[in-house]
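Think of it as A, B, C and D in the order they're written, each chain with its own count starting at 1.
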Amino acid sequence: MFILINLKAYPCDPLKIANVARDVADESGVRIAVSPQTADITRVADTGIETWAQHVSPTDHGSHTGSTLAEAVADAGATGTLINHSERRLRLADIDKAVNAASRAELDTCVCANNPAQIGAATALSPDSVAVEPPALIGGDVSVATADPDIVSDAVESAAAIDTTVNVYCGAGVSSGDDVAAAGDLGASGILLASGVAKADDPRAALDDLVEPL
Amino acid sequence: MFILINLKAYPCDPLKIANVARDVADESGVRIAVSPQTADITRVADTGIETWAQHVSPTDHGSHTGSTLAEAVADAGATGTLINHSERRLRLADIDKAVNAASRAELDTCVCANNPAQIGAATALSPDSVAVEPPALIGGDVSVATADPDIVSDAVESAAAIDTTVNVYCGAGVSSGDDVAAAGDLGASGILLASGVAKADDPRAALDDLVEPL
Amino acid sequence: MFILINLKAYPCDPLKIANVARDVADESGVRIAVSPQTADITRVADTGIETWAQHVSPTDHGSHTGSTLAEAVADAGATGTLINHSERRLRLADIDKAVNAASRAELDTCVCANNPAQIGAATALSPDSVAVEPPALIGGDVSVATADPDIVSDAVESAAAIDTTVNVYCGAGVSSGDDVAAAGDLGASGILLASGVAKADDPRAALDDLVEPL
Amino acid sequence: MFILINLKAYPCDPLKIANVARDVADESGVRIAVSPQTADITRVADTGIETWAQHVSPTDHGSHTGSTLAEAVADAGATGTLINHSERRLRLADIDKAVNAASRAELDTCVCANNPAQIGAATALSPDSVAVEPPALIGGDVSVATADPDIVSDAVESAAAIDTTVNVYCGAGVSSGDDVAAAGDLGASGILLASGVAKADDPRAALDDLVEPL
């Protein structure tokens, strides 16, 4: 089970979260990554935690002012990237290009999508993983296992029908160890979470709880 | 074989093309549709030709100023719509919503995409058809059968691996009857073309040539 | 005082509103226009009411599938257009191009914006009019005269400092004759409204009330 | 005269350019800044050169995955930012928000625009500076002083009519010391350039030539 902590543009201290995440990963043996803002990638990666970009542009080197080149985030220390997060939706053709750009820079790729149909579409573009983010659960306190367990198992089925080598993550509705276990039971091999750790009063306790069942 | 004539924003007379297309469709028995600008749908549909929108918005009724509601183009006389044309790319989530909006309004749907991987993704969203538009061929004079036949047969294969009920059209590189025949041989069950008819000195002769092998 | 009724993508009958608006305009002598969806422009314009598009694309004739060409909406009967409505925001360069495209097609232009600073920016692009739409008031029941009168007078001042020939309209917070009078007192020479008429049980009564103080 | 070197997404070594720029700035006394990709801001700022972001998002702290927060680039060492570069066009409302976000983070702001009308609009949003980028000159070898000198002097006039405290930069068509001098004669108080230094075989020689007339 893979745990990705998305720091979004939260007013948190990325280094504090990164150090905690590295310690918990080391002690538990669970694979944990932190996804900070682009400007913070170097500092976060320097802590030793697995570091992901939140987005890469669907472009190659060239005249692309304001873009986030896959090569640049890889040089800064990222080894993976989210693509098409619900807060950074891309055109279909640009998801395809961003996956290719990230692969070219040897980044691990996770394409986010809303529902099982879109998860199928994302899988057809051959990323390393996809994450299903039910819009109703994003940013809320409701557990995916309670509110809408079928969306995860349906996403797993939808992806498997197209390409069984693509991992399926649960991208919303997870904030406790019980939720992690439930997501795993539904077929997810990873989870994305954000405020549950990034905004926790005690990020260490939050992470310890998350990895407890693993 | 289905022939869709996209009038884009060309300075052509949409009624002239519509009347010619209706005559050729009636005489040849070939299914032909014309896709005018939204403001022209009513007048084109009144000629009796099958009429498609060039785009519908990924929205339902509501506060969406400047949108193109599926219900509105259906009321105006359209019976189908392009979605995600290379000149009107949409976000993945919006293609999904636009397909659903169009289906709700009982419009036939054709989702365009660049390459076989994206065709697979588009197919996973369950439109009625998909159209592969190799970027290098759009708007040019090169025949898809000469330049890049594999992209059509690969797209047909990519779609069939996901959903055999979704038709695959050839969205670029067709301007003659020979091209139509070649596209059919490669597995396409329809073609999209634009300037080849809309900008022809003699649209009737252009259409007669296109349907000749059918 | 100019009254523009924006039908958005509401599930209303555009012809019913258009006929009522024409009758009230004829009887009161007040300038009233109706802005339907693009697909409905022809039918609405045929009633004799002044008809506006909700949006035009920043393009000329050409390969622009899915665009809304200024010339096409003018041919369909529109004589004006909104640009950059809060539900259809455009890039600065595209507002500039859309204003030029609309002027080329001899459409009256109204560029919408959120606040006095943006109203200044919109005015610098030389449209015929600008409309200030305080985000907090859009779609609500609160009167601009009660909630935030300064935003209208500040917008009037901001526009006048740049180009005194550009009219300033009040784009939100108006639903009654009293609101119309208040907007006029604040310096607005027109108002935009939507649900107040389009969703009214009795559009005729709603319009009669709006023109009463004029 | 201010010189801003935009590294875009070029395959250059940002540290090499940064060190050269710092040396030339120190020796000549000319104000020079380098604008690298977001992921490179920390490393570039650490050289001691004035460092600018290429873009900031029109957002505050919060759930904005994949955004480039003004505070984050400021923390990384940037002291200014481009906004609305021709390769990263923003909606009018978002330019307004990005200028405010950057000001909140105490970043110097330069809003780019195509022509004198848009320069007026950009100036109305009260950034610290605006840069006129004639589309025909972007990325080319033609000098603005030869090809289209009026666009610079018209932009200077357009900005001055609205706010005399906003500086006007010349954003294209400058690659030599003679061009810098010409831009200054036309009223520009700064220049933006990119490939002329970033892709130069000898960036030091290119910069020495640029500052020579100053």
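Criterion: a residue touches a chain if its C-beta (ideal position, glycine included) is under 8 Å from a C-beta of that chain, and two chains touch if they have at least 3 such contacts.
Keep in mind that this is a model prediction, so the values were computed, not measured.
Enquirer: Just how much do you need to spin chain A so its Cα atoms sit on those of chain B, in degrees to the nearest 5?
Expert: 180
Enquirer: Among the chains, which one keeps its Cα centre farthest from the Cα centre of chain C?
Expert: Centroid comparison gives A as the farthest chain from chain C.
Enquirer: I want to confirm something about chain C and chain D. Since they are copies of the same sequence, is their interface symmetric in residue numbering (over half shared, so same) or not (under half, so different)?
Expert: Chain C vs chain D: same; shared/all numbers exceeds half.
Enquirer: Cα centroid separation between chain C and chain D, in whole Å?
Expert: That gives a centre separation of 36 Å.
Enquirer: Could you please state the distance in Å, as a whole number, between where the Cα atoms of chain A are centred and where those of chain D are centred?
Expert: For chain A versus chain D, the centre distance works out to 34 Å.
Enquirer: Going through chain B residue by residue, note those that touch at least 2 other chains and give them in order.
Expert: None at all.
Enquirer: What part of chain D is in contact with chain A in the complex they form?
Expert: On the chain D side, the touching residues are 6, 8-11, 37-43, 54-55, 57, 59-69, 71-73, 75-76, 82, 85-88, 139, 194-195.
Enquirer: Flag every residue of chain C that touches chain D in the complex, lowest number first.
Expert: Per the stated touch rule, the residues are 84, 89-96, 113-115, 117-118, 120-126, 158, 161-162.
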